[in-house]
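You will see two complexes here that share subunit A, one where it goes with subunit B and one where it goes with subunit C.
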Partner chain A sequence: MIKKATWIRTVVLVGAVGALEVVCRTGAIPATMVIAPSAMVTALVETLKSDEIGAHVKQTLSAVAVAMTLSIIGGFLVGFVLHWIPFLRRAFNPFLAAYYAIPHFAFYPLLIVIFGLGPAPLIVLATLFAMVAMIVATMAGLDRVPRVLLKTARIHRLSLVQEIWRIRLPAAAPHLLSGVKLAVAYSFIGVIAGEFILSTSGIGHEIAYAYDNFDNRRMYALILFVLGIVTAFNMAVYAYERRLARRRGTA
Partner chain B sequence: MATRLASVLAEAAHKVHARLDGVTRVYPPRAGQGEVHALGPLSMELRAGEFFSVVGPSGCGKSTLLDVLAGLALPSAGTVEFEGKSVRGEVPDGVGVVFQEDASFPWLSVEDNVAFGLRRTGVEAAETRRRVDFAISFMGLNDFRRAYPSQLSGGMRQRVCIARTLVLQPRLILLDEPFGALDQQTRLLMGEELLRLWRETGATVLLITHALDEANLLSDRIGVMSARPGCFLDIVETGWPRERDSRLAERPDFGAVTARLWSYLRGESLRAMGQGMPQGAAGR
Partner chain C sequence: MTVSLRALRDPILVTISLVVLWQVLHQIAGDSAVTAPAPTLAHLWEMVGQARFLPHLRETGLAFLQALAIACGGGVLLGIVLGGHRLTGEVAEPILVGLYSIPKITLYPVILLLFGLGMSAKVAFGALHGIIPVVLFTMNAVRNVNRTYLRTGRAMRLSPAQTAWHILVPATLPEIFSGLRIGFSLTLLGTMLGELFASQRGLGFLLMTAIDLNDVKTILAIAVLISTFAILANAALLAIDKRLHRGAASESEKT
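Our next item is the complex of A and B:
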């Protein structure tokens, strides 16, 4: 049996897409502004069939994958060290609190000067953008490990490594997973938004290029493609998170 | 089996299993307050195989006493011994502890929770299975082997924690208000199960509780603690038979023991209320 919330969500989504289709088809919104969703899908299929898009997709996704990996692993390690060493944490806390107030993309030209053209500045930008979310989530998770579980670790005479591996990390897992989810989303945003600004290739650049040339069909097709990929990624992480939460009775 | 256990227990009856000698615990000064003298000087001997309860007013250092005895906290002065060996900041082999807070691991099933301590001690797989099966059925968890703690009630989760301690076959079991968060009926039933566990394992038990009836029913001896800094005002011998259950409460001398405990504690509890609790000194 499908839940009420799922019904409402489906009705809203189908209704919105249907409404957009109608207003586009009747000409209430001109095709120079938005094209009908069905036309977006057709355009997407055509775009994906063309030879040249593959290289852009590959470049964007590999940059996202590298940024994601670096930000998740790096963010976890930095968060862990800051949790473990209180004076370092006190020193860095103000930076972490103000971090997302900084317009990261303003530094992109500087990153190009340092790292040259190519994927490196994009990866650095996306990693910097995503990593702090993982750092904050890691610290939050480790801070909230109940004291009684740490006492239990001592009763079982676990070594420090065993205590971390068998108690602290599993207890912090829900927070760590929230950090992973954010890092995934921010890596996509970082790479694609970076490509928009200065890159000469990648999906973000292709969208901007199509926009500059009034090529609405290609632009919306690529936007739909990005939406699809990000949604698929998020749903995979979400499904895993749900499984974990159901088991712990927090779903 | 029963006669052998009885003779072992009789022989062990006055053997000292654990000893605290002149133990104090002082917390260093913290923001806004001076140092807190939480416990002692306090001396006591736990006899092998006895059921000893500790009662006292809130914040008198009962949990600190347990932490020091378990090796979870260092005494500021004095010595702690378990089976003749000094205990200093490390939990000795043969000591099991159950806390008031839920200490089950939410990411493990009941079975894996119970087996947790055995899987890393190098006990053979077959022996692990045997001990886990025994502890699970002893605590009445057979129908919940594959359940996760979130699917269990508070009382059942506490059983999981007791079973997890039981598989390690501890010779000294320390319980820090393990039924504090449970309703009255569940407390009574859990108390009876604890008695059964004590009788059948022959372990020495130290129970921290604030429930006088519970201490009276379960214990051979009850240590009554003063308000902070906690010291023993008296150690009351109940004289109950080893085979006992909640029907003990119907006896007239049961009421007399509870009344005696309360006569000590009333004044101390009033004193503790007047004293107020410094932030952070309680429950450590």
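Our next item is the complex of A and C:
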């Protein structure tokens, strides 16, 4: 049984793409601005068939994968420690809250000097960018473990490790998962934005390069590619989250 | 007074340790990577005093303010509409969440093509970053408004606009403000990102030029300037946010 809202949403999205197609094909929007969606798809197929894009894709995706792993694990550990040490947490709170307003890319040259050229500074940049979301989510999750569960743990005389492993972490899981979701999105944003502005390879750089060369077909093809991958990834996490929620009987 | 001093103590300690960390980094990495705090801040002071710096600052400030106005105004308006009409909200929410999590920088070339180089593209990009959290927060807040208030409004035959202004906005102010706070940070980020790429004016442009020239002192000076602004503004907003939420909590206890 598919909900009514899902139907309407599909119709709206298909309609929007269709309208864009019509507007572009009739020339109301010139091809120098936006190319028709069908043209984007054919351009994407062409671009993917050519060999030279593969290396860029591989580079970007592996950087994202490393940054994602580091930020999720690191963010969880830091969040855990901060949750346990209120002094540190109180001190860091304003900085955590303001963190995403800081232009991280300003520190990129510094990272290049420290880590050398290549993917390492990009990975560090994206990790730093994504980690804080995970830290905040971890703390939020651990804060909201219901009291009654902790009391139950005491009644069962669980050791601290058992209590954390069997009670706190499962209870915090939904928050942890939304942290993971954000960390995934931010890893992509960090790597691609870094490539966009300050790199000589990778998908982000290829998009910027195509823009500089007025190569709209290639540019839109790559944009479509990135958006497709990110959306697919997000939807996979979302589906997993829904399954988890259903098992808990909260949705 | 003692209370405010204690509240200030921890952030001050962290600031001091950050400066110490900076100094240590400088000792390890040397002048070519990280300049020392004191000369950098002196450089910043000197830069701010220069006449050629002000137009850049004004450009960024103007772009940011316009983007913020669009993000906040448009976001709250859209959020009220989407929250007030359940089906529309259900249709729109996953689309908005999807938009929120894509790397919007990839869309920047499209925005540049649509709006042309210059101010309007920056404003559009900043607003694009900021508007979605405002919409999402407002929408969820409006959905959770106490039904009694709405029934009272209907009993008084308020028009939809009056209902929005006299009931929905006051009732959801704390949540809307939380959304605005996040929107503020993201708008600043978006505006800065927009200036880093294909721009001729603004702080982001200065930053890019400094990166190209490997002028570390200027890079750090601008980074410090923007970060300080962001952190201070955010702390102020956070304080208001907390006060609003406390007020709302005590109000609901009363009723």
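By our rule, the second predicted complex is superposed on the first by the 251 of 251 C-alpha atoms of A that agree within 3 Å, B and C clash if a C-alpha of one lies under 4 Å from a C-alpha of the other, contacts with A are read in each partner's own complex, and residues count from 1 in each chain.
Note that a contact is a pair of C-beta atoms (placed from the backbone, for glycine too) under 8 Å apart; a residue touches a chain by one contact, two chains touch by 3 or more.
Keep in mind that what you see is a predicted model, and the values were worked out from it rather than measured.
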{"item": "Partner chain(s) touched by A:31 [first = subunit B, second = subunit C, both, neither]", "value": "neither"}
{"item": "Partner chain(s) touched by A:171 [first = subunit B, second = subunit C, both, neither]", "value": "first"}
{"item": "Partner contacting more residues of subunit A (subunit B vs subunit C)", "value": "C"}
{"item": "Contacts of A:162 with subunit B and subunit C, given as first, second, both or neither", "value": "first"}
{"item": "Which of subunit B and subunit C A:248 touches, first, second, both or neither", "value": "first"}
{"item": "Partner chain in contact with A:152 - subunit B first, subunit C second, else both or neither", "value": "first"}
{"item": "Touching partner for A:65 - first (subunit B), second (subunit C), both, neither", "value": "neither"}
{"item": "Partner chain(s) touched by A:87 [first = subunit B, second = subunit C, both, neither]", "value": "second"}
{"item": "Footprint overlap on subunit A, where subunit B in one structure and subunit C in the other make contact", "value": "none"}
{"item": "Residues of subunit A touching subunit B in the complex", "value": "146, 148-149, 151-152, 154-158, 162, 166-167, 170-171, 173, 244, 247-250"}
{"item": "Contacting residues of subunit C [partner subunit A, same complex]", "value": "10-11, 13-14, 29, 32-34, 87, 90-92, 94-95, 98, 100-110, 112-114, 184-186, 188-189, 192-193, 196-198, 204, 207-208, 211, 214, 216, 219-220, 222-223, 226-227, 230-231, 233-235, 238"}
{"item": "Residues on subunit A engaged by subunit C in the complex (per definition of touch)", "value": "3-5, 8-9, 12-13, 32-34, 87, 90-92, 94-95, 97-98, 100-103, 105-110, 113-114, 181-182, 184-185, 188-189, 192-193, 196-198, 204, 207-208, 210-211, 216, 219-220, 222-223, 226-227, 230-231, 234"}
{"item": "Contact footprint of subunit A on subunit B as seen in their complex", "value": "70, 72, 90-91, 93, 95-97, 99, 101-103, 105-107, 116-117, 120, 148-151"}
